[in-house]
């Protein structure tokens, strides 16, 4: 069975979804999907071990050789991403049962878990596959389930947010489809490895340039990179809180993965960064994104909105690291992928707990919660500190690597700007701390209890991971560095 | 020549869609657009695709849109902020694409890269390796079976998504009352009812033909599923939703949708058990070709089941909402008068 | 023999094309919904039917012949039915034929805006 | 040269008219129609690159030497299914939006949302003042 791990990774949550429909009882379905997600997590750990020791794993689906059949190709980068996605999914799913109790009508609980599993399947499929068109198919699985999940939100704004996301997401996916079509037309293959071999021959053609532009724009739409981010804040803010926690921690990460995969592996480093002026463009957009989104975050009244904007800002950091196109820069991006998943997962889960108890998530509702829900609020604060990049949290590690990468290349002013951007994070995190600890609760609000254990366990698992990986950086840095090096070394 | 005529017609239809304000007309034009593109696909030798596009673009999606328009009204508001930014984006994107065409292989050129790499093996060796005359089927169901699996899952996802959004929980007596009013309206359609009764068996027969003949000609599980669902939908439209619900149990079709996905996936799992890779049908039987045939047959059944039941789920969800809307409006009118 | 087959099939094809063509002209030139629908009905049933008969005569393969025969039967069944349904739907929704409403000018506008 | 690329250009025009409808029109159903046109045109683009002059449909027969490329056909079969899935989901969202907002025009929905936000903010401020 060991040889089949790459496909089992995707197939287990996939097959679990239709089985859920047959189980019918919501509690049973929850347990079952938790097991499926946990299995996927276990497999991803095994896969990462295998890849770190023995190198790239190629799995030919249907037994057909690579460019003719579809190939799953797991290298260090994929394995790392698989670990993040399946891990976060499992932890978040743990809290799902309690959280959706109050947010989603009873008769839709089963559907919720099915869509959750399908969304997980889609993301795992995007990451694991080595075939460009297969990316599109799994992208659509994850997006379609995402639209439905977001539309399950309590308010009517959820519907509108979901619709906007659907339009933007479909345009993005169709752009990717056009791009894949164009490169297919120039090379005659869809397999990513094969593409990376055959593209250099035709790299100087206008068609490949257009293909590159379409793929990048399409991916950036999914990624919510700065000028294309408009769908994200509302989608995150109005979705059920569990869904927000899951997507904030994973969906954009998968899109960043696609960006890295297409620029570094498929089109190749020399094309992406020398033929096309990607470096300056991305660095500028990343920086503007950090400042614009952080500034918007400061003015938000809804805490979910606030952290959604903060997510866009964090994407900015990843893009800056990515745009350096050096090993250290990419390491910083990959580390930040991992770390951001940990902190945003924890923060949004904690917000879900607040919603569970308080019912609302305006800044005013947080008043006095520091005393009433000490553990939950402490988690939000630690997560916030991590966002700022305070030492002893994971946020510090990735910022540190990012700064190192920038200084290494002599981009002093950018490094200073990054630090300034972190100051903005201090402001918005402070607003939450102020509301929670230094303001008296509103007169008419009734006191609330601490969140139930089903929330506290996953939240604190993530927070402890936040601190652990902030102190003991060996594991995460080693994997991220190895993945970055492998992208620069042998192509794919 | 014929492709140029079809393309010109497509452009005309597209412009008409932009300019029309009446959504009903827009939807009909979209149906025409689908049908024209299906004809274009035939001219381009893509018969399987044409079949699907005709069933989906001109059939199902038009139907769904009509149901939605019945609920939302058919007029598009005229006033609208300036279309200039949109025009800019479109011009930039289009310009980029046109820029990209200059280094493209020429239309129909046999020496284009796509005809040199990967594809020749499908054309030359698929008969020996898979043993199915329709190359599209052998690529779809064997070489790239996993993509098709993904496609089935996409359809399944859409079905579940529509259910979460539109399913209405209501008491049984209410359902009876709502439907009885609507059903009485259907009584008048004597002629079509009789004709439909004659046609529906033939449609089922045709669906089965398409399902099994997919190996030899255009067709396959997806087209068969859509046709099968079309027969049921026709029945539901003419005899009333409530009657159709009695014939086709709603929980049952949800179950079938799940079973289809599972059937498809378990073919892969069985091949895993037999020491092959996922979806390696060669190991399903002692003779590789027989194994391929068996595998393709089974997965096409999976596709057919899921597609047919999801199409029904989608239609019933939309039509159920429409029924509720009409009922609510009627109640409102009665109250006001 | 070949001669007869070619000529007769050509004859049917010609009639079919003529009927289709006249149907198209009718669709454009007739004054109101019902008469236009009549023109379309002619194209649908008779025109297509004649063309199918013409094609059946020159078909060499039995399978092709049988398929065409099936298509012909279906068109004969469905064409008139759809016309019937259309007309009925129009009538139920209050669209009156032109000859009945010559006195009222308004109806002319309705009929032209509805086609 | 020009004639050879002409087909591509027409297809690009089609794609762009679809994209234009999505961006410029405010009616939610019209937007979905636009998406549909956009996607269908991309399908046309794929299929037209599969065509080989003098080729026939890729169904093996004895006396044929030149077949069109089957691979894009397979891809587009999948993509069509994805397209209808998106359309169905989008339309069901439209139905729900109509029920929740009473309108399917972008402007009016946006207006209602903004109004609601303002009202909320107003209520909040009052609350704060009282506190």
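Letters A, B, C and D name the chains as they come in the text, with residue numbers starting at 1 for each one.
Following the convention adopted for this analysis, a residue touches a chain if its C-beta (ideal position, glycine included) is under 8 Å from a C-beta of that chain, and two chains touch if they have at least 3 such contacts.
For clarity, every value in this text was computed on a predicted model and none was experimentally measured.
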Exercise. Of the chains present, which has its C-alpha mean closest to the combined C-alpha mean?
Worked result: D
Exercise. Between B-D and A-B, which chain pair is linked by more C-beta pairs in contact?
Worked result: B-D
Exercise. From the C-alpha centre of subunit B to that of subunit D, how far is it in Å?
Worked result: 15
For this session: Take the average of all CA coordinates in subunit A, do the same for subunit C, and state the distance between these two points in whole angstrom.
Result: 58
Seminar exercise, completed: Whole-angstrom distance, CA centroid of subunit A to CA centroid of subunit B, is 31
Exercise. Roughly how far is subunit B from subunit C, going centre to centre by Cα mean, in whole Å?
Worked result: 28
Exercise. Multi-chain contacts in subunit A: which residues touch at least two other chains?
Worked result: 133, 137, 140, 144, 147-148, 151, 178, 184-185, 190
Seminar exercise, completed: Where subunit D touches two or more other chains at once, the residues are 15, 19, 49, 71-72, 75, 78, 82, 85-86, 89, 93-94, 96
For this session: Please list, in label order, each pair of chains that touches.
Result: A-B, A-D, B-C, B-D
Problem set entry | Partner subunit C, residues of subunit B touching it in the complex | 189, 191-192, 195, 198-199, 202
Exercise. Which part of subunit B faces subunit A closely enough to touch in the complex?
Worked result: 96-97, 99-105, 112-119, 121-122, 142-147, 150-151, 153-154, 156-158, 160-161, 163-165, 167, 169, 254-255, 257-259, 261-262, 265-266, 268-269, 272, 276-282
For this session: Would you tell me which residues of subunit A are touching subunit D in their complex?
Result: 133, 136-137, 140, 144, 147-148, 151, 156-157, 159-160, 162-163, 166-167, 170-171, 174, 177-178, 181, 184-185, 190, 301, 362, 364, 440, 442-444
Exercise. Subunit B touches which residues of subunit A in the complex?
Worked result: 4, 7, 11, 14-15, 17-19, 21-22, 59-64, 67-70, 105, 107-108, 111-112, 114-115, 118, 121, 125, 131, 133-134, 137-138, 140-141, 144-145, 147-148, 151-152, 178, 182, 184-190, 198, 202, 205-211, 213-214
For this session: Using the touch rule from the top, collect the residues of subunit C that touch subunit B in their complex.
Result: 74, 77-78, 81, 84-85, 88
